[in-house]
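The same subunit A turns up in both complexes below, where it pairs with subunit B and then with subunit C.
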Partner chain A sequence: MRSFSLIDLVSLVEALRWTVALVVLALGFGVPLALGLAMGRISRFVGLRWTMAACIQIIQSVPLLGLLFFFYFGMPMFLGIQVPAIIAVTVAYTLYTAAFLGEIWRGGLEAVKQAQWEAGSCLGLSAWQQFRHIIAPQALRLSLPPTVGFLVQLIKGTSLASIIGFVELARAGQVVSAATFQPLLTYALVAAIYFALCLPLTLWSRSLEARLDGSR
Partner chain B sequence: MALVEIRDVHKTFGKVEVLKGVSLDVEEGEIVTIIGRSGSGKSTLLRCINALESVDSGEIRVEGERVHAKMPDLKKFRQRVGIVFQAFNLFPHLKVERNITLAPLLTGRTEKAKARALAEDVLTRVGLADKIDAWPEQLSGGQQQRVAIARCLAMAPHLMLFDEVTSALDPELVGEVLKVMEAMAKQGMTMILVTHEMGFARNVADRIVFMHQGRVWEQGPPAKLFANPETPELASFIASAK
Partner chain C sequence: MNFLPLWRYQNQLIDGAIVTLELTVISAVCGLLIGVAGAVALNGHITPLRWLVRGYIELFRNTPSLIQLFIVFFVLPNFGLKLPAFEAASVALSLYFGAYSVEIIRAGLDSIPRNQVEAGQCLGLSGWQVFRHIVLPPALRNAYPAVTSQFVLLLLGTSLASQVATDELFHVAGFIESRTYRSFEVYAVICVVYFAMAMSFKALFAIIGAAAFRWPRRR
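Entry: the complex of A and B
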């Protein structure tokens, strides 16, 4: 047994890099997918709408832990495909992000009045121009609070990756706590780091909401 | 050849036949006002003219070109035919200037350096030059509707459609919008209006079209139609509209 020292703090901060990396990976792959899902959900084509809805429904009804288990333990067992932990967690968090953000953004897109599409098309704009310049900016503002809310969920959700042995912030906390026998101090520190990560996001979202809402 | 030719147009929504064989010609520079009770099909007819609704049978031609929702150059066509709605439908996230210049810029009608001048020009025509930097929701209903008209004018349309554009306005704001429309009429714009403003119909229109039960029931110059309606339906409509 040793006492809590600078080394332990360094190892926590080092593990934080993986927490951030996971979030960045999840957003990097998940955001484009989410955009596709959201656009598919409001598409004219019934088949596409249903397929997208089914994808979202399935992913949303599986617990995040289940997704992680499936891609890390399940795939080798059932399909004989062994993937490194980093790939497994990236895929799991990407799907999780895509499904939830996709559904949030669909709601935002649908909340913009149909007449706005019509006004755009009556001015001779293409469907993409209507989406890009008229619908999407309004939907973005409407979706901002739940989007940031999800982001905070995602940051905290990365702690589940520790279950499959991925050493991110929460897992590093376990290790440090076991080595120093100072769980209270260690976990308080871990909690503080999560808090420091999430608080600026919430504040940033508020200022962004005010800025995007130029009319008020 | 008339600017707008409508031939025996039928349109059904579900089981309701809204248009039961409408034929109508509108000449270039003409101001045609469509009146009638709600449900008579007048708004539907207007929406068919710029392909917001497709017709079931019959045909509509604008400048000789057959209009339908799948026409290959629908976007180009929509730039030539402006429509103003009852609910204004300004883009709430854009300032007045950008509301007006968005479509001209995206469709290549104007370039960035000239866009503001274009906005100033059309705003002057609707008497709102000083509102160029305002947000839509800072404007009154009448002002918003005039911006919507300016937004159409910026596309230099050959034909303008007005779908009950004063119906959502407070009574004291109706006049300013009608005045703008009257000025456009004097400048020779071809206009088709659906309206409940009988005064405007009487004073500005070249021709009144009375629609009843999905048909053109009676039409003619306002003075004749209002003084001597030939059908009892029009007579009772005029009486009730007073």
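Entry: the complex of A and C
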């Protein structure tokens, strides 16, 4: 047994890189997918709308932990190949991000009144131009606060990657806690680091919401 | 792909699902009680209490549920409070759900325009009557969708309790996997069971909501 030292603190902060990396990967792949889901959800084709709705509904009704275990333990067994942890984890978080952001952005897109689309077509804009120049900017403004709010959920959610052995902040906390026998200090520090990451985003989301409210 | 080896574990799966439901309902009820108490405190006039509730909300909403669970399970024993796994998970999840409930319930109460309360007072209703007949019904209706979706998130979140060895559904999944080595089938089945439970609750809440909040909206 050894006492908690500077090295332990450093290892926590270093593990933070992987938490950030997970968030970046999830957003990098999840955001384009979410855009596709959101646009599919408001499309004219009923079949497409239903398919997208079903995809979102399924992912939102399964625990994130279930997605992680399915892609990390289940899929390699099914495919009969070794899948590196980072890929399994990225797939799970990408789907999670896409489903939640897709639903948030659909809400934003639907909140913009139908008359706005019609006004655009009266001006002779194409469907894409209407979306790009009239609908999207308004929808973005409306859905920014919940989007930032979801970012907090995502950061907190990356802690679950620790359970399948991926060494990010929460996992590093477990390791340090086991090595130093100081769970109180270690977990308090880990919680404080998550808190320091998430609180500014929460406050930002809230101020965005307040500003939006005032302008309406 | 072969789901047959899982068949003999169906009793464990059912037991696990029951523990998951127990954990969800207990945490939801305790969390809602915290939510009501917190919302009352936030609307009250005792400033230190308001600060305390605000601090509680921010602390529990901005840290991962998993870390909260670890702190309850691994750290509290150092202070002489050693909880069994199920109780520790209930406490951690209640506190987590409570932090969200406070905001939801407060938002529901705040959504009632001040002049409706004044109108009630003009009609000579007592404070309790105003609350019971004018504030509460629409506040409940406004808070209902948020509470129910948070409930479903809680149901899915109880899977974390498996990490402190609570015998709930996800823990059972790990057990079956260690016996059968059929990871794909086990986690596919587990995801389907969670999905079925989540969808059932969503359907149930939709029916209850439609029956309980029938009066028309303004405009």
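Structure notes:
Rule of thumb we're sticking to: the second predicted complex is superposed on the first by the 201 of 216 C-alpha atoms of A that agree within 3 Å, B and C clash if a C-alpha of one lies under 4 Å from a C-alpha of the other, contacts with A are read in each partner's own complex, and residues count from 1 in each chain.
Here, a contact is a pair of C-beta atoms (placed from the backbone, for glycine too) under 8 Å apart; a residue touches a chain by one contact, two chains touch by 3 or more.
Note that this is a predicted model, so its numbers are computed, not measured.
Contacts of A:Phe69 after superposition on the shared chain: subunit C is touched, whereas subunit B is not.
By the touch criterion stated above, A:Leu125 is placed in contact with subunit B alone, subunit C being left untouched.
In the superposition on chain A, no contact is made by A:Ala54 with either subunit B or subunit C.
Subunit A is touched at more residues by one of its partners, and among subunit B and subunit C that partner is C. Touch criterion met: A:Leu199 reaches subunit C, while subunit B stays clear of it. When the two structures are aligned on the shared chain, A:Val13 is found in touch with neither subunit B nor subunit C.
Of the two partner chains, subunit C is the only one that A:Gly157 touches; subunit B does not reach it. Of the residues of subunit A, not a single one touches subunit B in one of the two structures and subunit C in the other.
Of all residues in subunit C, only 1, 58-59, 61-68, 70-71, 74-75, 78, 152, 156-157, 159-160, 162-163, 170, 173, 177, 182-188, 190-191, 194-195, 198-199, 202 touch subunit A in the complex they form. By the touch criterion stated above, subunit A contacts subunit C in their complex at residues 57-58, 60-67, 69-70, 73-78, 152, 156-157, 159-160, 162-163, 170, 173-174, 177, 183-184, 187-188, 190-191, 194-195, 198-199, 202.
By the touch rule above, subunit A contacts subunit B in their complex via residues 115-116, 118-126, 129, 133-134, 137-138, 141, 212, 214-216. Against subunit A, the residues of subunit B that register as touching in their complex are 50, 52, 75-79, 82-83, 85, 87, 89-93, 95, 102-103, 106-107, 135-138, 151-152, 155.
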